[in-house]
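Take a look at the following structure, please.
Should a chain be cited, it is by its letter among A, B and C, assigned in written order, with residues numbered from 1 in that chain.
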């Protein structure tokens, strides 16, 4: 499963795949490798290398400063909470979009992708407008941890929805009918038939939203106030360390986030296999 | 009567799938709902099962009015064309499903499942997943699953439609034997007249949402109620503006009483049988004769022969 | 056939709709409201200052180059991944998806560490007059980084689906590789390519974090529209901030709409 929302899961093996040979293909591969190295691979490697600038001890020190550990705890804690909420709400929303006969369903379906397309700073501004000091609804949660959670919920909204939705769409309704003919009531059908079949997709979406939440920056900048020890997420911490020329410190926390991202990618791969095995 | 359907009507939007359908299915019988695609057979089956609710009319199952009962309360087993296997459960858990949700004791479930898997010859696949089985095996599992809860009625919706011709033939015979063993009232839907004729005790012919005729295979073949039933159940050709079975056309080399002259257009040997295409006056007709007859009469393309409809030679009218 | 629950259904419906309304609909809707709160005039003013116009131009230029680069990369990479097998293919696949999991700030940091003024490469390039960090090339690189997967993942499934029969047929008729590509391959992926380009463009126009780090955020020099929104808001110029935010919302909505129209059926829901 690609991390890219809305993309199909990894396609089945193509009928014809040729080995690479020939000038054109070699140039193509060379170009692709060069491109990725220059822009992605080498820079990311530099981050990890820089974090080890002062050795493993230095790395550990930078990551365990009071500010750094506070920000990491907040980030991972909030992302975890957000992932759990998304698991629940995302599945409900997917259900609404697939199984409910609500008029105006199409409107909401189109809307779900908005957090993907919207610049994060605009998302932050939008949330601030509703839930900040000048809130027309009288709800002021600015500069609080709740604000961080709300911002993260906004940007991760589509993930579980878009992974569960196609699975729900393709679910063989006849399985549910077969269960009914065997005497199963609606609740039994949901818990014994539907849920087991959407579980891999739910898990994948949850992992995706966790990964996204952990790395989020722009949407938290305005509404959380970035108060150190209170509402400062890891990305903002890295940003501040950079501003203060503490490059090694920034790189250290960045490396932690990269490791988390790596773990998530592996988890997603495993989940994809689990889902595929079920047939 | 195991199932009584009274004046059932069902429409999907503008399309009338069923119109005033009334059918009675005897207890313990093996009945086929036969007809062309879109004729309403599957819809009728699903109405009986409770997977669709009729707009008008009612359904009685084993003496109880089942019209407003949901599918889970009707005591019917249903087998789908595409198996509807619970793909996240093993074969064993699939078959056990109905019993598990009825909270039967574990030992009882285990025994019952074992029995059923033996019945359908899937014992060694008990711990496999449906995705690892062939189509025929999946369908046998689906049957075992439906039988596990001892339904009063077993309904099968084009059960062999998704399978290869060879597997289809095997499973047809197998279904007949199973029914002889288990004796539960069974109704199956098919568009294959050969299948219906081979397997069923009685056939309900349906087209365009209405019942055309009900009867045993022989009844329907020998005494069709109308041209549609006649052409659907066997080969037909038109002689003198009337439908007749090609094997009921007699060929002679000289004139006989009631014969008409015909010119042989083409002779095709199909194994034991021979198809003779003829032109009778303006009509194009074909007759089915044996090789013996062909050789005896010396029929060849271009020759003139004399044809007539054979007198009915049926043993006893049913 | 009853779907689960008679009471559950309205509860799920209600909860889901409430969630969507308060998290999504109201916040975005309110941007419209806030922007035009004091009439049209402040909006026009905000959108026509020097700094704003410069920001628009800069953003457009950066997005253009980033999308162009990623389109070329995307098509080549998709062709390689779909038509060929080679060692390290799985690694390549993973690398292409990697940018989506990386925090934008880390993107910026990583580029500074390699191409910044204090690094070997950075100084070498500065020697020949090319400045990467705190300058446009760096911002383009950062924008490329975050949108790398978009064109590839849009084109690949379609290439997969179409198969290479047509290309082989072309080759038997005497077409060379470039001709085959131009006349057969490219036209067949037109729709998917357009889809990917729109996604990449939307992403590039809206990038914030990575560009914030890499640009130095110099007003009037290296300030994109997203950076402008933040800077104006923090300087109490709410009118301009909201006006530009609104513009970005409209762009995002348009991009979403266009992309849904263009989405090839392999990706469409």
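Everything below uses one rule, namely that contacts are C-beta pairs under 8 Å (C-beta built on N, C-alpha and C of every residue); 3 or more make two chains touch, one makes a residue touch a chain.
Every value quoted in this text rests on a predicted model; they were computed, and no experiment measured them.
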Chain closest to the assembly centre - both centres taken as Cα means: A
Top chain pair, ranked by how many C-beta pairs fall in contact: A-C
Inter-centroid spacing, subunit C versus subunit A (mean Cα positions, whole Å): 16
Length of the line joining the C-alpha centres of subunit B and subunit C, rounded to whole Å: 58
Inter-chain centre distance, subunit A versus subunit B - centres from mean C-alpha coordinates, in Å: 53
Shared interface positions of subunit A, touching two or more other chains: 177, 180
For subunit B, residues contacting two or more additional chains: 51, 70-71
Contacts with 2+ other chains: residues of subunit C: 1-2
Touch list for subunit A against partner subunit C, complex: 2-4, 6-8, 11, 14-20, 24-25, 28-29, 31-33, 35-36, 39-44, 46-47, 50, 89, 92-93, 95-96, 99-100, 102, 108-115, 117-123, 125-127, 129-131, 136-137, 150, 153-154, 157, 165-166, 169, 173, 176-177, 180, 186-187, 189-190, 194, 211-212, 214-218, 221-222, 234-236, 238-239, 242, 247, 250-251, 254, 257-258, 261, 264-265
For the subunit A and subunit B complex, residues of the former touching the latter: 172, 174-175, 177-185, 188, 192-193, 196-197, 278-279
In the complex with subunit A, residue positions of subunit C that touch it: 1-5, 9, 12-13, 15-17, 19-20, 22-28, 30-31, 33-34, 69, 73, 76-77, 79-80, 82-86, 92, 94-115, 141, 144-145, 148-150, 153-154, 156-157, 160, 163-164, 177, 202-203, 205-209, 212-213, 226, 229-230, 233, 241-242, 245, 248-249, 252-253, 255-257, 260, 266-267, 269
Of subunit B, residues touching subunit A in the complex: 49-51, 70-74, 76-78, 80, 82, 84-88, 97-98, 101-102, 129-131, 142, 145-146, 148-149
